[in-house]
């Protein structure tokens, strides 16, 4: 029995790392611009399907596809922010609604475009399908690899935000847009770069996750909700909080699936989401949100 | 009718002659109008790939019928709309087909739930519809105008269980996607298992949105079943195989309903797909009536081999033509009766209906991925190669 | 009046057209009409919570599916016909909203929107797991005889829905919802129980969704979790309201018809690209014309929203009613008393052990340097913040009472930076406060008219606050506060930015209020503005009272001078 519990725990922790990568992009964008990118799930899927095409048509390994997907999505993100979102003034609640609706529409544009390119069949790719033996416990190789890469990416992001000038500018803009502008920072450029990086992180996550679960162009909503739950649970804009929340989600899902069955596991994320909203809307580590 | 004839050109005579001339002129001028065949199909949306194969099957059948002179001396026109996999859209479209386009013949949409949604209006309009919905509810007397042109769901995996039983396997773990088709399919599996004396040691269903099966497969594997069976579609079949391989959960046989039959199964799993069994209702290598020609014609027209969706659609359209020809008119009730009496060999197999329209003739077959190719392995009389059992383990 | 007539005629014409098609059209046209009418109802419902109340929700489809299942279950297990099942479903959905609203309405913004989405998803999973709902297999009911029948009913229901929304937009509840949408806090300070208003909006919105779901099930005869909770329904609904004009009555109707027609066209021509086009359309509208077609018409001058209960009556001879809580209080009795008020923020003590009294008919001035904690003190006194100490309003300890309740009891306040309602007219701004609680309509109209006349704002009654100069905006805020007929009025730097003329008008209004028994506490920097009015003053520095007395005494107090000017200042006071 103990073996099973440790097995499940490890699985949950590994999945947590992957979930974290899937959520970080959303967190970054929200932190700086207070915008929830509802097209986030679609960007993950695009990154994944790109990796799929590179693999099945050209035999390129997902490890190489990882930065390529990130680069492509970076460009897409930059264009979206510059062309669309910058045109919406973000004052007051109407501004929030408009950006929300713009990303809502964007989600459908990206999903349908992906459908036109890749069709609607589920796609995945065979990569690192074996298992890593730890005594009596067998862990999926692909999951271990994806998780390790995810943690690396999170670390790199953290270092970027903390020690580079650009990263610090991003954090400054997140904390006070007006203050940052007064210091001479080009807020528009920072926003554009931030959205680009956020999208890039989503694409990179997709290229990893498609080795674990198959992607379909119409199934992006679940991914966005999951990412949002994680960052809401951890406290919007809080990176350490997101890490802990991702781990909690991973562990809860795995244990629920094992002990309660798979149907409750699917509902688990929504239940957690609602519970967070009811009892602690600021998340575990966040400041009190606007009420 | 001329009421009096006295040798002069009375007005009535002239009028009558003109009327006669007009009608005969009319029937000479107007060529016989084409017979309209209507349907809605899932062209976009998550389930479009198999639906498009169905559409192609219909199209090929219609082309062939037209090439050999059409039906009742008239050519067939196919009128199709995209229902996007949405039941209320399908209902709207079938309304359109019935009242606006006024089609002569109706065939069914792809998804089971769409067929269930349009069944009431089709039945109310008293139009016979050969349906490709595999679930049995529609054909139990509620909708007399629906006839089933595809293998019924509960029979899908019986051959796979027969194969397992023939090798002496006793214990089964059953994983079921919590949607209409897999649930009914699982019911059939349980019945067959009982008949064969096999024991279901694990049975769990999962939400269709489940993407990671690690914990579920682990749990099933801990009971060390001989056979792991999935009532699945493609994504979950893949997910289960992935979870089994990456956690080194083994069994003597892995079999899935839908999943291995799709080429993407191998694309996504690579070598892990080898050795996995799947279900199909049809295979290009079958020695059924007209199959070799069908495969050749399909390949020539669409550049891809036909799958079972295309085959059942093709067969149903061809049988439709046969029923209409037998009846000699477009009388829907008579055509429906003709369907019920049919006992025909088609590319899919032997077509025979129960009195309420349930398909009793068609069967299913078992395929296995061997060396990156799909091979028909059971029943032995149709097999291309022997099944490779037990499963070789995950290397 | 004219606008009402035009709208009425349009409604009748549309309904007749719909009925005509329903009765005479082919099955296909009837079915299409049904779908359009259904979406109009859903769009109107979504508009109530997301547009009028300003609480964007992505969960309307949840109420739709819930209503559909409720109706289906009623028809199967209770064996009722559709005409009973539909109101049952509407009621059930409203009840669900009532229960959920208590939780969800505590959130706002993206939390609320996604929370509602999550709820819809949970409902879907529940429907898929329970056997009573048929699980994933779904369930069937006896459908309508023909689509014509259901289309006819749907058209009539849609017409009814338009009438209901129209009535709402002219009603007290509509006024309160719009005020809440613009500024929740300011609405509360004007006596609006914002939570209850939002809850009512949510329930109404849910009822619309529920009745739509019920009629949908009756029309099609088949229901499963996928079609009941289909995300496409949500997308279309949102797009329709956006395109037509969010927050308006006819916007959802126009948008509903327009988008349905566009959708049908796209189906036929571009089935695979349909969602790209609709998505791009959503983006376009969100960026370029967020107010939809209605805003466009407004810009062209073709259409203007009619302010609620307007226009103000021409002349009035009756005197203004007395303060709302009964006969005028005795002169100089204590209306508000505070003992030991204090609050800390982290390590900073913002307000430290403050006692004060406000007496009826008098003004107490609170002065002090910037950052002394004056506004914080006001927030403590009016329960916008909770700290230590006690405040009594008359005889009553007001601890724990919500700001809107205090406002209704007669404790009014203004804010340091103007909190006006951007989308309401001057008339409506004051009307919100005048009609708070259960004040009868005519009384509220009377109060509003008189106040606007007294403050010289009557000529601007149909303008919106952003067109007013800042002095008049402050005046408006004071008028709004006075519309509560308060026993105690807290003015927070109310006269900042006013011209001398405007200050005189304010003085006149304040004197009138005081002579009616109102007690006023005023924070002010513009000392000449209050020196004549205030009978007493207290000085706050670093959260503590450092001097009390008449204004003249206090201004000569050396401690006060050094607090303002620094310890080394040598000049005298002005």
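Letters are used for the chains, namely A, B and C, taken in the order the chains are written, and counting of residues starts over at 1 for each.
The rule we apply is simple: contacts are C-beta pairs under 8 Å (C-beta built on N, C-alpha and C of every residue); 3 or more make two chains touch, one makes a residue touch a chain.
Just so you know, these numbers come straight off a predicted model, no measurement behind them.
Remark: among chain pairs B-C and A-C, A-C carries the greater number of C-beta contacts. Of all the chains, the one whose CA centre sits at the greatest distance from that of subunit A is B.
Once the centre of each chain is set as its mean CA position, subunit A and subunit B turn out to be 39 Å apart. The centroid of the Cα atoms in subunit B and the matching centroid in subunit C are 55 Å apart. Each chain gets a centre from the mean of its Cα atoms; for subunit A and subunit C, those two points are 35 Å apart.
Across the assembly, subunit C contributes 125, 129, 272, 274 as residues in contact with two or more other chains. Looking at subunit A, one finds that residues 115, 263, 266-267 touch two or more other chains. Touching of two or more other chains is recorded for residues 44, 178, 207 of subunit B. The part of subunit A that touches subunit C in the complex is made up of residues 36, 84, 87-88, 93-94, 96-102, 104-109, 111-113, 115-116, 221, 225, 228, 232, 263, 266-267, 270-271, 273-274, 277-278, 281, 289-291. For subunit A in complex with subunit B, the touching residues are 4, 7-8, 11, 15, 56, 115, 119-126, 129-131, 133, 138-143, 212-214, 216, 218-219, 222, 253-255, 257-258, 261-263, 265-267.
Contact residues of subunit C toward subunit B in the complex are 26-32, 35, 125, 128-129, 135-138, 140, 143, 147, 216, 220-222, 224, 226-227, 230, 232, 267, 271-272, 274. Within the complex formed with subunit A, the subunit B residues making contact are 44-49, 178, 204-207, 209-212, 214-216, 218-219, 222, 234-235, 238-239, 242-243, 245-249, 262, 264, 267-272, 394-395. Those residues of subunit B lying in contact with subunit C across their complex are 43-44, 81-82, 84, 86-88, 91-92, 95-96, 98-100, 113, 116-117, 119-121, 137, 178-180, 183, 207-208.
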